[in-house]
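First up is the structure itself, then whatever we jot down about it.
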Amino acid sequence: MTRRRLRDLGLATGRLPPGPLNAITDVAGVRVGYSTVARDTPHVVRTGVTAIWPRGPEIWEDYVFAGTHSFNGNGEMTGLPWIAEQGYIGAPIGITNTYQVGLVRDAICRLAVRDGASQDFHLPVVAETYDGWLSDIQSFSLTQADAFAAFDGAVGGQPIAEGNVGGGTGMIAHEFKGGTGTASRVVAIDGAGYTVGALVQANYGARELFRVAGVPVGQLIGTDIVPSHDPRPREAGSIIVILATDAPLIPIQCQRLARRATTGMAWVGGIGANGSGDIFLAFSTANHVRQKDRISDLRMLAAASMTDLFLAAAEATEEAILNALCMAETMTGRDGKTAHALPLDRLVEAMRARGAAA
Amino acid sequence: MTRRRLRDLGLATGRLPPGPLNAITDVAGVRVGYSTVARDTPHVVRTGVTAIWPRGPEIWEDYVFAGTHSFNGNGEMTGLPWIAEQGYIGAPIGITNTYQVGLVRDAICRLAVRDGASQDFHLPVVAETYDGWLSDIQSFSLTQADAFAAFDGAVGGQPIAEGNVGGGTGMIAHEFKGGTGTASRVVAIDGAGYTVGALVQANYGARELFRVAGVPVGQLIGTDIVPSHDPRPREAGSIIVILATDAPLIPIQCQRLARRATTGMAWVGGIGANGSGDIFLAFSTANHVRQKDRISDLRMLAAASMTDLFLAAAEATEEAILNALCMAETMTGRDGKTAHALPLDRLVEAMRARGAAA
Amino acid sequence: MTRRRLRDLGLATGRLPPGPLNAITDVAGVRVGYSTVARDTPHVVRTGVTAIWPRGPEIWEDYVFAGTHSFNGNGEMTGLPWIAEQGYIGAPIGITNTYQVGLVRDAICRLAVRDGASQDFHLPVVAETYDGWLSDIQSFSLTQADAFAAFDGAVGGQPIAEGNVGGGTGMIAHEFKGGTGTASRVVAIDGAGYTVGALVQANYGARELFRVAGVPVGQLIGTDIVPSHDPRPREAGSIIVILATDAPLIPIQCQRLARRATTGMAWVGGIGANGSGDIFLAFSTANHVRQKDRISDLRMLAAASMTDLFLAAAEATEEAILNALCMAETMTGRDGKTAHALPLDRLVEAMRARGAAA
Amino acid sequence: MTRRRLRDLGLATGRLPPGPLNAITDVAGVRVGYSTVARDTPHVVRTGVTAIWPRGPEIWEDYVFAGTHSFNGNGEMTGLPWIAEQGYIGAPIGITNTYQVGLVRDAICRLAVRDGASQDFHLPVVAETYDGWLSDIQSFSLTQADAFAAFDGAVGGQPIAEGNVGGGTGMIAHEFKGGTGTASRVVAIDGAGYTVGALVQANYGARELFRVAGVPVGQLIGTDIVPSHDPRPREAGSIIVILATDAPLIPIQCQRLARRATTGMAWVGGIGANGSGDIFLAFSTANHVRQKDRISDLRMLAAASMTDLFLAAAEATEEAILNALCMAETMTGRDGKTAHALPLDRLVEAMRARGAAA
């Protein structure tokens, strides 16, 4: 069966409707780009860079509020002290592999210089998950040009690639091939419609805990399709979740939203295993913190309305992970190691067996 | 059907085995007591106090390491700065209603004085959930004697009551009658057996998100049995989770464990709604921080072994919530309001319909 | 010499000008009240309650943004999870002794009920410092009426009492008699004037580290005037700092401001000794989070302007501590123990000797 | 006057005695190395890398406990989620300039690979301060070789260079030339001697707030010696403080220690200005968390003994900053900009004038 997104399999999770693209790019202004580096010489590498622009290039001067949560911190996300202090970000965000977070982080500084950002200093956000099972991570193969390509190639307002792309190229999740995934939800609050979009780099999880809409698919799907070599990746991975919304939030509310990625991940079977870097970031595009302003005028959603956004964030995260798994193709990497794609036919079958699909 | 614990219905959640009591009292030394205050005059009150002793009275001098997590902080847990600073607790823990946290907190200071604790000051941990839908919370009906009764009546090494008892007396969860619940898990690590026990005061959650072992019971169980009066409680509640373990953890590891209550709650359908105070505390009885010691000798479990404990914490929390729901009886409180017990026959039926029970 | 505030001694600290009252009540709308309980029968008690209203009674519906910092958490401040989650407070704040935090906390719930606050639940902020050296803290002598008196008697826009009043009655600081103190600073930012006011309950610190405007007064002032009995209080205490401002801050900015109490305390000689509960709260009255609003319109000061507020917060904290010390009278309490007032003549002399006063 | 350390000027701060080297290298096993990159072609750069090894190369397998504090987060320190989660570090630490944190961070991963570290992944700690006033930071001139040189050249048990070296090369503090500084303190606790060492990269602060041992030197020292060009650096900087101790601490205690760098910085006049990245890390070499161990045996100092360590940390930080200022030479950098060294004669004179020096 060709790879398809979860909903294109006739399956669904959650109770809220997705946006038109069912992607983080449903949030107006958000752009996503990838640089995928998959080659066999001089090193077998299966890696890349994912770029997320909260706004277009105006982000360098017109910051978005943001907040983070580390559910299990065996991973890296740079820029955390600044977000914790100021509550905003003023640069695009990167996601890549564990050993080259620094390269991508500095590349964003270079991008700011190249593009004439007026700010004097930058403290960019770059996160990572580990792709060393499939990719020769010790070759440090990514270059600044790879990073630039991801940031420069980012687009908004359209569907984005999933699976083995960008930073998600070499990922493994719930012992199947993982990668990049996205989804969105729309909620109506007091007559206004707000979108929450999620983009994940999914590289975590045990097979036995894998669930789809509550169905223990990981237990039902058979034990014959497993990563080809021992030690098989199990919990060495991580998951990065980026949540975007156009609801008018202040930083402390973004922190709250970020925390709900935990819920969505739990629904798929993520428990934040010891070796996992489960780090989440949420930003809101609704407010504008222009660096030239001495006073910013802001709007803030009432606390009582947050519950709908929380559910949206949990559901978008859940489905983004499932989309990553559904879209990722089987991949063979270094030393002939193979991570197999989630078998979609068996997935559908398991869902039907439990009355969770037609 | 008489109220029964989840496993006594032939149902189960999780993959790890419970301890002999399937209760927090499986952790040696932990004692639990209740003071249940349910009367109709002079005020209709449905409230109480739950007492948890991490050790026996030696806790006043021989502290246990502890850590906390606030997944959604619309609630109270006193004593947080001290735990964050020192990483331990040196007093029993209380759980009660929102308006009398203070009473119970000061009562623990009085208890220390009464019992001749040698420490000069105490910063006790008392948490709460709101029982104002069923109980006349504005009557401030609990007394110091009620608090003392809970602490003095605590017992260990035996089954403990669940449902409408102690601080959990007037609770509502997933729109059914909620309350106090407990469960435990045993894990084997490097030849040693460790227990993780959970005690919850469950007062949170929407019906539509309620799941048992992944089955969307809240959606399958019918819409006819709902709280009797509007506005029906939905997300105004909270959940307090106390996790105990005999694994040798240091404070930072207790924090990690506490965070996993989030996972267990998510599995049942908790998303940390805006109005919810979802605050978790984990303690470990294995190390002894005796106040007379100038240097404490400690043991610390390797990080790599934490994953099993995390799963145990998530599963124990999940099942403790379900036990609270399964054991709580229908209750009528102030203004004739009734919260109905989870119908156990329908629960079993729903589970069977989805192939999740024999 | 009769007790006088620092500036009335011809001394000064800091570089920014104080407000007209040099008090937290320079921030429009802020009200402060005290209940001072000092009697010798049936128990020798030297204690009380300090009440701070961020606004008048409209606070029950019109919340102020707030943020906290625990520099050393051997103390209690209730309400922390809610402030961390929502970033605001919607009730008056109390400060009292260590063993009756709960009483005052519940009293605020009662106050809300009495005054018909429309909100369903309250998670009040009450902090404490330990007065057990001078006061029979084990007598639990404060009553709900004492708490009500402090809240009901609060006034704004005028000077407020300092020294041995309210929660500060039985305090000891830097081995002299401590207590309640206040101060303020005014800063001009982009043509607007903003006020930062501090109120402290000072009960911490070693003599040898005590400094006034950099002068090591604690070392210069002689060793003959010390607390009368052993063990002399030294670091068993704590300091609570409440900062108020009318600058338009959001919660994350209030957190930043709260952190600067650390700086002011350090300038006086506070290092956050192990036994100290050095917990700080800052709130801003400029924004209004009305509970009936679905969207709140807010204003936010640019980050670049925060530095002036930070200095204001540090200076106001520093001078508030010094005012507490300068205004507190010598007090004899339980078991005949005496804490001596800071000798003002020697203070002035020490400052002159080091060229720090005319 | 040739540059001299503070004590070599006959001046002193603090009350505790320094270790034999009055340097972070007084803590046994700690090694420090520098790579200083100061050249005029092809770009005018004044930058570098500072390397701190908590232990020798055995750090890759034998971790040290650590904790951090961000007093003002306008800066970067990578590795924070991992330290917060696990409480230890297992790699050397780097400090460099703002735009090349990533380079140094990835270089540590490369170092681990080169040296055959057995761990699969690394989440190194690298911090930064901004040297763009004197150095062409936009040239991104540091190379991986520069980073390796710092780590490979590190030495322990001997004096280390201060002032314009390593990551501190291009720094400015209190409007004088800043840079790298170090100091230490020794405390006796229960018959055991413990050392606390500090290493700072000082690049923060306003002249007017600069104090030495309480004396307002910044105000007394004259206004004629200032940075040569406008806009003069004032608060755009930052300070990184690394604290090392051989006292047996657990992670939560390391966090406490890290927080005390705030106090030392405050004593010199640092208020955590908005643009400052004031981020602190403390580690303890006493416990060994060997990655092969399934259970680690630990020792923990009693909480009551922490106060002495707190004072030591504050004093060591204070003096390390002053040593940076006293040792840094006047430097001319890009565009002919000059940052002048603190005039030592005037410093001594000011101290004498206020009776703080002989």
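For clarity, chains are labelled A, B, C and D in written order, and residue numbers in each chain start from 1.
The rule is short, and it goes like this: a residue touches a chain if its C-beta (ideal position, glycine included) is under 8 Å from a C-beta of that chain, and two chains touch if they have at least 3 such contacts.
Model, not experiment: these values are computed from the prediction.
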* To do: Compare the contact pairs of B-D with each of A-C, A-B or A-D and report the one sharing over half of them by residue number.
  => A-C
* Asked: Across the interfaces B-C and C-D, which one involves more C-beta pairs in contact?
  -> B-C
* Structure fact -> The distance between the C-alpha centres of chain B and chain C, rounded to whole Å, is 35
* Asked: Between chain C and chain D, what is the separation of their C-alpha centroids in Å?
  -> 33
* Structure fact -> Residues of chain C that touch at least two other chains are 72, 85-86, 256, 303, 305
* Asked: Which positions of chain B touch chain D when the two form their complex?
  -> 85-87, 189-190, 248, 250-252, 256, 289, 293-303, 305
* If you look only at chain C, which of its residues touch chain B in the complex? -> 70, 72-86, 98-107, 109-110, 113, 120-123, 126, 130, 132, 138, 140, 236, 277, 279
* **List of chain B residues in touch with chain A within their complex** => 15, 71-72, 208-209, 211, 213-216, 235, 256, 259-260, 262-263, 266-267, 270-275, 303-307, 310-311, 314, 353-356
